[in-house]
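Two complexes come next, and they have one chain in common, subunit A, joined by subunit B in the first and subunit C in the second.
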Partner chain A sequence: MDFLNALVALSNFVLVPAIAYGSQLALGALGVTLIYGILRFSNFAHGDTMAFGAMITVLVTWWMQSIGISFGPLPTALLALPFGILGTMLLVLFTDRVVYKFYREQKAKPVILVIVSMGVMFIMNGLVRFVIGPGDQRFADGERFIISARDFKQMTGLREGLAIKTTQGITVVVAVICVVALFWFLNRTRTGKSMRAYSDNEDLALLSGINPERVVMYTWLIVAALAATAGVLYGLDKSFKPFVYFQLLLPIFASAIVGGLGNPLGAIAGGFVIAFSEVTITYAWKKVAKYMLPESLEPSGLAQLLSTDYKFAVSFVILLIVLLFKPTGLFKGKAV
Partner chain B sequence: MKKLLTATAATALMATTAMAGGHAKEVKLGIIFGFTGPIESLTPPMAAAAELAMKEATDSGLLLDAAKVTPIRADSTCIDSGAATAAAERLITSDGVNGIVGGDCSGVTGAILSNVALPNGMVMISPSATSPALSTAEDNGLFFRTAPSDARQGVVMTEVLMEQGVKEVALTYTNNDYGKGLADSFQSAFEAAGGTVTISAAHEDGKADYSAEVGALAAAGGEKLVIAGYVDQGGSGVMRAALDSGAFDSFHFPDGMYGAKLEENFGSEIDGSTGQLPGTDSPGAGTMVEMGEAAGFDGTSSFVGESYDAAALIMLAMQAANSSAPGDYAGKVMDVANAPGEKIYPGELAKALQILKDGGEVDYVGATAVELIGPGESAGNYRQYEIKDGKITTVKFR
Partner chain C sequence: MNETLKNTGLFAIVGGLILLTGFMQSWNSAILIINMGLISAIMAIGVNLQWGFAGLFNVGVMGFVALGGLAVVLIAGDYSPEAWSAGGFGIVLALLLGAATVTAAVMISKKMAKGRARTIAMLAVLIGGFVLYRAVFDPNVAAVEAINPAAAGNIGGLGLPVLLAWPAGGLLAAGAAWLIGKTALGLRSDYLAIATLGIAEIIIAVLKNEDWLARGVKNVIGLPRPVPYEIDLQNDPAFVERAAGMGLDPVMASTLYVKLGYSVLFMVVLLVLLWMAQMALKSPWGRMMRAIRDNEVAAEAMGKDVTRRHLQIFVLGSAVCGIAGAMMTTLDGQLTPGTYNPLRFTFLVWVMVIVGGSGNNFGAVLGAMLIWFLWVQVEPLGIWVMELLTSGMAEDSALRDHLLDSAAHMRLLTMGVILLLVLRFSPRGLIPEK
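Here is the complex of A and B:
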């Protein structure tokens, strides 16, 4: 019984939140890593692209709610998501046409593109706040929980509760679908293969007749879809607030770099490494230890390795260690 | 030529003396607020309120044998201690004020107190400096404030929780001066009262994910989670995560967590949670708003009532001591502010002056229900509320 209690407490406060958070980071990091692998620059505007996609979805969700469309127990936002993706695609294609294309044709150095993407970031940032305002917006509806802590306790008779939010479940399911679809696309379709070829060796790909503009366009379209999805899932699970997406940029980049920039598999692994390290290293093990250890060994303190103040430091220490000993990341990516 | 100069100087001197003699019944009060700087939008109504009190005393003709009270404004800038010190120095040495209403911001107030007021033995009553550091600053009994110290809320919070029988809480605070200061003052007050703070963890505002914080808070446990944060920032995020994971279902909110969002976003999920924020049900607050309207300033603006009260207290203390010398009346400030005596509300200064003149006692309530405690600072008034059926319900004022 005690063992089960410990397991449930651990799942409730560490495993479930970290898996959901990790999935969100992984989706974000996938977008960053694709841009890096194919277009060869670090896209700082990615966080705000997510915010933009989420914003369109929020607006469409509100509209749907106002005319009475709902998705049963699931959040209406899932129905609105395709519109969000479409809006984001238009936005990124537009920025690519008016901004990035100019620098690409000039064969600008990656560092210039990074700075350019920062400019784009600030503009998108302003755009989102201008349209929807800087405050918190609520758009989640439907069932809030797959199982709530109280129900779980009643069902099992355990002392610890386990809560799984609908949004956490959806996040993981959608993330898995996205990843599977992405890998199928990259490995099995002609366009996907041409994208990988372009990523591996640009000149060779050009010689074999691949149209670079098409590759660039498909990359942006996929990135837009990933970004909008990640943004919406994140907003559903926590809350939609433009500034938070800007803050999310750091853990996303950390995930992509830890995993190996340019390597999609690495981005996913990186997302989970960062999420788990943030949650586990700062977790106070007192509760779990209380169930697992005999009374005499029970810790009097919190049994917390590091105060939660340091949770961001943790992810960046991991980032530094990885870069020092394995500059290409955990999975072989490109050196930064 | 030399003689002529001396003569002129002598004449001028005599003239000045004569002038001063003619106005022996004039009382000058300095008003040193940041008329320029970060709170320049707040200070005009504050100064207007202080001047309104002075005008009231002058018009009554009862203060110290019909003395005329003249306000003299000076600019504290709110942030530049050097400029504030110079301005205060000018008030005392060149304008010859009998008391100072101010300063406004805590930093410059401390600078004026130690550099100017103390060496010159001048009484200062600040309406808006709330830093806990000023409670322990050396002041020789010359410094008072009509605003409560931030540390006070920690004590009030402890009282609220203790009355509910809550002995063990987890504490999280927003990682800035406000959150940290409040968390520290609460923790020491709560532990002194026999309670236990199981964990005190900071959270950053506007961050992505609070599961790590909530995990730690939940492991530490406690009957309630005290969130010293902001309702439209990380505070709500932590609360959401705590509710969703079933870690806590009852909370306590200091002033930063008060807002319509509590009802909108959480509602009956947090039934039984409690909180407090500065507020008073004293009738003086309403009177102040009406008086402000009549005089052409906004009586609801921040620290307006406190400013009126600060000026009124100085004048009432003068009347009680029957002297406008700071050294004489400093000791009377606490007497006129606190019981026993007739309760005095804004607009009743004439009545108070009359009572004091006749040798009676007054208990100045004023616009903000002033009650000076400890080192001469307002006890502060707090509205205690509880979430009932998803609505914020006032329990009482304390």
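Here is the complex of A and C:
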């Protein structure tokens, strides 16, 4: 019984949140890694692109709620998500036309593009704050829990409860759908294959008649869809606040780099590595230890390795360790 | 038009803008712009050292600025003997233990042969060291934080004159930069960017959470000042008389006097650093740096130690940012870790350097003054524009209210537009590198 209780406590506080957070990070990191693979620069504006997509979705959700459209037990935001994706696609295509295209034609150094993306970051950040303001916005509705802690306790008679929020379930399901669709696209379709070819060897791809502008356009479209989805899922799970999305940049980049920049599979693995380490290291283990250890060994403190405010430090330290020992990331990434 | 004339003209335009602020708004805000502009100029010189001279992409400026601020608390804060006797030494001991653990782990990884024995030894040292560190650290921290938590609860400072804190801020930032540079400088430019971004967040997290150090988010207020207090000046008959002689009332005169005092101090620091940076740029060392920046492989073939030079300039540039951070905290008179925001303290400094002209010290200074002026003035300007735009709308229109409320967020938008425009149409900045 103690073992089961410990297991449930562990799932409730570590596994479930980490899986949901990991899926969100993985979707974000996929966007970063695709940009890096095809356009060959680190996109600092990615966090704010996510915020933009989430913002459009929040606005459409509010509009739908006001005219009485709902999605039953599921959050209305899922219905609004396509609009968010569409808006983000328009925004990034516009940005690419107006800003990035010029530097691509100039064959500017990657670091120049990074600085350019800093400018885009400022603009998008300003835009989001301008439209929706810097404050917290809640837009989740529908059922709050798939299983609430109380129901779970009644069902199983255990002392520990396991709560799974609807948003956590949706996050995982949507993330799986996105990833499957993405890999199907990259591996099975002509456009997807040309994207991979362009990423592997630009000159050879051009030689075989691949249109680079088309590849770039599709990349932006996919990145916009991923970013908007990741942004909405994160917003549903936690809450929507523009500045938080900017701060997500660090764990997202850490995930992409840990997995190997430019490698989609690596981005997913990296997302989960970062999420699990963040949650396990900042979790107070006293509750689990109470069930697993004999009374005499029970920890007196919270048995928390680091306070939750240091979660940035965790993603960062993992990033450094991986870079020092395996500079191209866990899966082989590119090195420009 | 020759170059000197053009550059003087550019500086004159920025000076004119600030004078205009003085006439249109108030001299108080004009001098405030100058003071923060001077501090920003020093930060810009630091970033320009790293980026303009050596091509290092450091987006962790905020962290070094915050460390400079911490130095002010540690050097000039009130000396607190009871905190030291309660646990101050214990904390220092714990930190030394932590450092020893890391050093031992690094030694093991270097000295022992690769294999299972090394992994086990390293894990044992790290875990044992961590447990020991927490065992010493936690009770001492609790003891220090228990002392008068409403007003203090930290280990306090050394009670030294606040001007000493400025070089100390530079030293603290330099020490941190050395540690970071040792680990992260071998990485590619993108990775270095992410690494420095992360370091800055960690430094802020430490400042926010380690209450024993600088009270965390409870803030340290009332730090000593290098200039007299307004109230003392107002009570000084000689000062009041002189102010009356100039036709100013004592309150106004005392605030201006204090602010101008800061301006003079900041100006002296800026001129010294600018002179040093110019000398460095012209020296063989500066030429070597630019050679490394332009072609690392060629420079290495000429026998230059690229990694060492990078570390050197990374430490120097960060130290300059640390000095600026200490000066800023001195100007504010308080350390408020909650207000450090990467957009304001890292990316805005980058905009300053790029707009001014990377690789040119005068460009960095000009860019800093100009961008700081805009950063301050875009907000009232934005509200004014919005009022103009919405003047035709109904008084109670929701859109009108929203536009007026959001005008304050115009500054980020404007900074982004300026950065992109400069990068597109004048990528070498206002005063290009020679």
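Simple rule for what comes next: the second predicted complex is superposed on the first by the 333 of 336 C-alpha atoms of A that agree within 3 Å, B and C clash if a C-alpha of one lies under 4 Å from a C-alpha of the other, contacts with A are read in each partner's own complex, and residues count from 1 in each chain.
Here is the rule we use: a residue touches a chain if its C-beta (ideal position, glycine included) is under 8 Å from a C-beta of that chain, and two chains touch if they have at least 3 such contacts.
The shown structure was predicted, so the numbers you read here are calculated from the model rather than taken from an experiment.
Novice: Let's test your reading of the overlay: on subunit A, do subunit B and subunit C clash or fit side by side?
Specialist: In the arrangement built by aligning on subunit A, the partners subunit C and subunit B clash.
Novice: A:G161 in the overlay: touching subunit B, subunit C, both, or neither? Say first, second, both or neither.
Specialist: first
Novice: So, A:N12: does it touch subunit B (first), subunit C (second), both, or neither?
Specialist: A:N12 sits against subunit B, while subunit C stays out of touch.
Novice: Give one of first, second, both or neither to describe whether A:K286 is in contact with subunit B, with subunit C, with both, or with none.
Specialist: The first partner, subunit B, only.
Novice: Who does A:S307 touch here: subunit B (first), subunit C (second), both, or neither?
Specialist: In the superposition, A:S307 contacts both subunit B and subunit C.
Novice: Once the shared chain is lined up, is A:K241 touching subunit B (first), subunit C (second), both, or neither of them?
Specialist: first
Novice: Of the two partner chains, subunit B (first) and subunit C (second), which one does A:S148 touch, if any: first, second, both, or neither?
Specialist: first
Novice: Based on the superposed arrangement, let me know which partner A:N125 touches: subunit B (first), subunit C (second), both, or neither?
Specialist: second
Novice: Jot down the residues of subunit A that show up as touching in both complexes, subunit B in one and subunit C in the other.
Specialist: Shared contact residues on subunit A: 247, 307, 309.
Novice: With touch defined as at the start, can you tell me which subunit A residues reach subunit C in the complex?
Specialist: For this pair, the touching residues of subunit A are 41-42, 99, 102, 110-112, 114-116, 118-127, 129-131, 133-134, 246-247, 249-250, 253-254, 257, 261, 301, 307, 309-310, 312-313, 315-316, 319-320, 323-324, 327, 335-336.
Novice: Please output the residues of subunit A touching subunit B within their complex, sorted ascending.
Specialist: Residues of subunit A touching subunit B: 9, 12-14, 17-18, 21, 135-136, 138, 144-145, 148-150, 161, 163, 165, 234, 238-239, 241, 243-244, 247-248, 251, 275, 278-279, 282-288, 302-304, 307-309, 311.
Novice: Hey, which residues of subunit B end up touching subunit A in the complex?
Specialist: On the subunit B side, the touching residues are 175, 199, 201-203, 206-209, 211-216, 218-221, 232, 236-237, 240-241, 244-247, 261, 265.
Novice: Spell out the residues on subunit C that touch subunit A in their complex, using ranges where they run on.
Specialist: Counting only subunit C, the residues touching subunit A are 55, 57, 138, 183-184, 187-191, 193-195, 197-199, 201-202, 205, 208-209, 342-343, 347, 350-351, 354, 405-406, 409-417, 419-420, 423-424, 427.
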